[in-house]
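Labels A, B, C and D are assigned to the chains in the order they are written; within every chain, residues are numbered from 1.
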Amino acid sequence: MSATRYTYLGPEGTFTEAALRKLPESATRELVPMVSVPAALDAVRHGEAAAALVPIENSVEGGITTTLDQLVSGEPLMIHREVLLSITFALLVRPGTKLSDIKTVTAHPAAQPQVRNWLASHLPEAVWESAASNADGAKLVQEGRFDAAFAGEFAAATYGLEPLFTEIHDADNAQTRFVLVGRPARPAAPTGADKTSVVIWLGPDRPGALLELLQEFAVRGVNLMLIQSRPTGEGIGHYCFAIDAEGHVSDRRVGEALMGLKRISPNVRFLGSYPRAEVRLEDLSALRHGTSDAEFVAASDWLARCQDGRF
Amino acid sequence: MSATRYTYLGPEGTFTEAALRKLPESATRELVPMVSVPAALDAVRHGEAAAALVPIENSVEGGITTTLDQLVSGEPLMIHREVLLSITFALLVRPGTKLSDIKTVTAHPAAQPQVRNWLASHLPEAVWESAASNADGAKLVQEGRFDAAFAGEFAAATYGLEPLFTEIHDADNAQTRFVLVGRPARPAAPTGADKTSVVIWLGPDRPGALLELLQEFAVRGVNLMLIQSRPTGEGIGHYCFAIDAEGHVSDRRVGEALMGLKRISPNVRFLGSYPRAEVRLEDLSALRHGTSDAEFVAASDWLARCQDGRF
Amino acid sequence: MSATRYTYLGPEGTFTEAALRKLPESATRELVPMVSVPAALDAVRHGEAAAALVPIENSVEGGITTTLDQLVSGEPLMIHREVLLSITFALLVRPGTKLSDIKTVTAHPAAQPQVRNWLASHLPEAVWESAASNADGAKLVQEGRFDAAFAGEFAAATYGLEPLFTEIHDADNAQTRFVLVGRPARPAAPTGADKTSVVIWLGPDRPGALLELLQEFAVRGVNLMLIQSRPTGEGIGHYCFAIDAEGHVSDRRVGEALMGLKRISPNVRFLGSYPRAEVRLEDLSALRHGTSDAEFVAASDWLARCQDGRF
Amino acid sequence: MSATRYTYLGPEGTFTEAALRKLPESATRELVPMVSVPAALDAVRHGEAAAALVPIENSVEGGITTTLDQLVSGEPLMIHREVLLSITFALLVRPGTKLSDIKTVTAHPAAQPQVRNWLASHLPEAVWESAASNADGAKLVQEGRFDAAFAGEFAAATYGLEPLFTEIHDADNAQTRFVLVGRPARPAAPTGADKTSVVIWLGPDRPGALLELLQEFAVRGVNLMLIQSRPTGEGIGHYCFAIDAEGHVSDRRVGEALMGLKRISPNVRFLGSYPRAEVRLEDLSALRHGTSDAEFVAASDWLARCQDGRF
């Protein structure tokens, strides 16, 4: 049944599946791997799945453009949740394989920046060949086509392999951010540590519009966590900006800022308000003076009294 | 009856009376001169008059601090109307007096900057003595204490004098702005060329607050026509700012900006929204993109849909 | 000799003289009282005095407009120093006079707001008459015209009177700020706690210019201590702004901000950089990140390397 | 000889080569195709080539991240020129092939979004297989492996093919921007229509830094043409921003803005000032009031006079 089905960027054994399994509710859902991000999201759009988990940002490679481009066009979707996953690799081999046996290694090309140094020091002679995904690489090792694959440690069981090394990562802090995407709905209630995502299109004819946009947030004390430009396909100079702001669409300061965006460019798309993943205490910046909901309400009451002549 | 009584800064024959008579409704009101601005305003506060006309700004001397200080403290009052008056003087004499007869002249000290050059070229030998008001000066001429008085031409009839010269003014464009002040009430409906007055108190502990304040207006495309600092009496560094902004409190962009002010400093006083006096076509600046009421309403509708999950 | 002569707003025994005597160098100068602020400043302009001490701001009444108007027009002058003086009054009487003997009191009208409450409780029956200055009032008591005068305690000796009460002040924190004004010269070296004064003229045709002006300071982390509008005499809507900014004209951040002002309006007048009077530790705000002289120099070196292709 | 050698992203017959040949000087240079962007740029870094032409931005796909990442890290390089190329495809076949003969087509995957619709309507049955580059696809057609290749029309001659269709493009205005990259050198003199590229790193600890950065440009009237975020590899929330601004590093307003950036973050890299490709008259926005070199020089002279006491 579609209401209990979640799709994700497959195949089985990818980091996306691992991220999905971090969500408690995944235990009671039917998890369906899809061949691509568009396929995973279209299943949601067509009502065949309740939600899809897809990668949206990678600390090494940046925004996942396929995902962004899918979210900003087509039938509207909404982000309901985000998941952060630290990316470290295991070297998976068929049981019994020793390091000195390894002549060929494989993985998705995106893995390369994370394992390059490790390879150079541990397997300087090994030949690298790319796979369509890290899970596919593991499958090819299972089938005997390659001697070893870099993949998430959790993929070992799926493909009958064993991890010869784990925790392989050239860069510390390599993380991927995933989002759980569903159809538009009333956003979940604020938790006190939320994030709001929005996309706005700005033409090349208003060079100051980006500054105006940032000021709509700044004047109301709303911090930005991410701002990312994407071409719109209409020609050089035409961009849209994907923005993650601190706070929830039901916070007055966030709502007023979003209305400001809408007035700067009617072409703006709300992508959702949802809890921030793994908030550290030091990330929770204090609200700027004058921007709490209580202060917004007090100001609104005062304005009503001015307009009524009761002051 | 107090409902039909208007007070003004007297005595009879002052520029303030002339300004008051420019208001059509003055024809059907009892006009009562008062000895001072505080006296004129207190009559309104105590319910003895419906409104008071007082000078608030002078293009030569600047803000009339007595009036500003009265408006920003005490029982709240509201500006209902403004009147602009060009200030030119007549030289008033007793009937029959010739220029060569004039040995002594008088007027309020504020008149001096406007007649100094004229005096130097026409009456270089005349002795100047100050009067408590221009009208008082005229009265002293009537009584024979002085030979001539500088005053508004309209004062001649009141004191049985005749204007020997008119249109005397050293500076072109010398104008005084007067305001008609009443008790708080629902502001008159917008006319399309309105002005909103407000006072905000900013302490010395937040040096950036003035910039924040201006940005609340700028981000919503509201132009300022006047900003004037006044000490609050709490010590050097404590100021309040009297601000005149284009637009009406019922305009969405103005209302949102005022709420922004209220959040910057709870200590803000609304002084009224009222039609601008003598608007020239070139003064009406076009609304900035995205700041019309229609655009505010559209943005507000869109936000409601986002919050409801209907998008 | 003019090089050792300082003029001040007289007569002897005024608060201005008291402020002047707070400057150590006054002990070795000839101190000459003048009848007015313009007279005191003209003596400097004409080379008859090295400097003049005049009041510029009063925590109760606000900017001393006569002084401001003198500084912003005419032959350029420069502020070399500022002096802060707490304003409290003494009740001066002829030796032997008792409180119950006092039927008449006098002082300059500006003293009234500071002594009104005291009078009401200590001498409710006494008749008040205004004097041309507080010192003049003391002189009139000496001559027997009045029974008591409110003036600075230091005026007692000058006029052969004795203080019956001291430390009289309705408002706490009443202070007057005075400036020592000389001819243009290279400003004294920075002390680390300096102030820079400047005046800029903005026409009514550029409603956003004040915001631009504040941003020139803000973008370089320069705090403003005072901003005061004055009409220019060209008509309603024409203002100049007198600004006091933290820092010294030789600080890079201040210099760059001043150049920004000059580009916004060529009509800008530098009034001097000078040590701040009576700085409290908590007034010294930390420099904003990126705005120290060292950081300006580093950025300038880097730009030169970019322009030269050495990077 | 390296001084006359230009590398480019190969192989022969790619759009990059076509862009390179638009530069007049290419006629007198040895043009060497390289297998990758890093290889093309490393040849410049190692002194084996004077410059390299590489794609940097694509109106359909966005920034070419490989190129950006190469420019922002490693030994500094400098952009000397930019070239804009409209991207339309030809369908290349072996001489004699007819449309109905075509069962298989090939091209680089990036070509797909531009030819998808065309394929669907003209060759709905054809099987698509990806090639390593469009030129490689053409070579594979020459070798008989595929029946047709999408590539630039100019590639036909190189591979002995003929264009069966030309001007194929799903999206109008599809353009790619290429840059000619050399070693750091004094930038060419301003032409009046220049562009300056710079990269700045901003950590997650200063959420307002992007706004500050934009204000450094705005306060000096410098328009931005492009702002693009890239992760730095240090973890989610760590970004650098690639910025293209109007103007030349030798323009005073641009130089001062760049120094402002350097003070916001010492981690900033200048990438060059160079003529804008294909400037249309309507793109040349007028300089904002107060931001011309002459006005900067006048302000600088005035500041020097203030600092010297000559005013």
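By definition in this document, a residue touches a chain if its C-beta (ideal position, glycine included) is under 8 Å from a C-beta of that chain, and two chains touch if they have at least 3 such contacts.
Here is each chain with its UniProt name: A, B, C, D = Prephenate dehydratase.
None of these values were measured; they are calculated from a predicted model.
**Student:** So if I look at the partners of chain A (Prephenate dehydratase) and the partners of chain D (Prephenate dehydratase), which chains show up in both lists?
**Tutor:** Correct list: empty, since no chain touches both.
**Student:** In contact with chain B (Prephenate dehydratase) and with chain C (Prephenate dehydratase) at once: which chains are those? Just list them.
**Tutor:** none
**Student:** If I superpose the C-alpha trace of chain A (Prephenate dehydratase) onto chain B (Prephenate dehydratase), what rotation angle comes out, expressed in steps of 5 degrees from 0 to 180?
**Tutor:** So the copies are related by a turn of 180 degrees.
**Student:** At what distance in angstrom does the C-alpha mean of chain B (Prephenate dehydratase) lie from that of chain A (Prephenate dehydratase)?
**Tutor:** Distance between chain centres: 58 Å.
**Student:** Any idea how many Å lie between the Cα centroids of chain C (Prephenate dehydratase) and chain D (Prephenate dehydratase)?
**Tutor:** About 58 Å separates the centre of chain C (Prephenate dehydratase) from that of chain D (Prephenate dehydratase).
**Student:** Could you tell me which residues belong to chain A (Prephenate dehydratase) and also touch two or more other chains?
**Tutor:** 215
**Student:** Can you tell me which positions in chain A (Prephenate dehydratase) touch chain D (Prephenate dehydratase) when the two form their complex?
**Tutor:** Contact set of chain A (Prephenate dehydratase) toward chain D (Prephenate dehydratase): 57-63, 65, 84, 113, 171-175, 177, 204, 207-208, 210-211, 214-215, 218, 223-231, 233-239, 246, 285.
**Student:** Okay, in this complex, where on chain B (Prephenate dehydratase) does chain A (Prephenate dehydratase) touch?
**Tutor:** Interface residues on chain B (Prephenate dehydratase), with respect to chain A (Prephenate dehydratase): 76, 78, 184-187, 212, 215-216, 219, 249-250, 255-256, 258-260, 262-264, 266, 269-270, 289-291, 295-296, 298-300, 302-303, 306-311.
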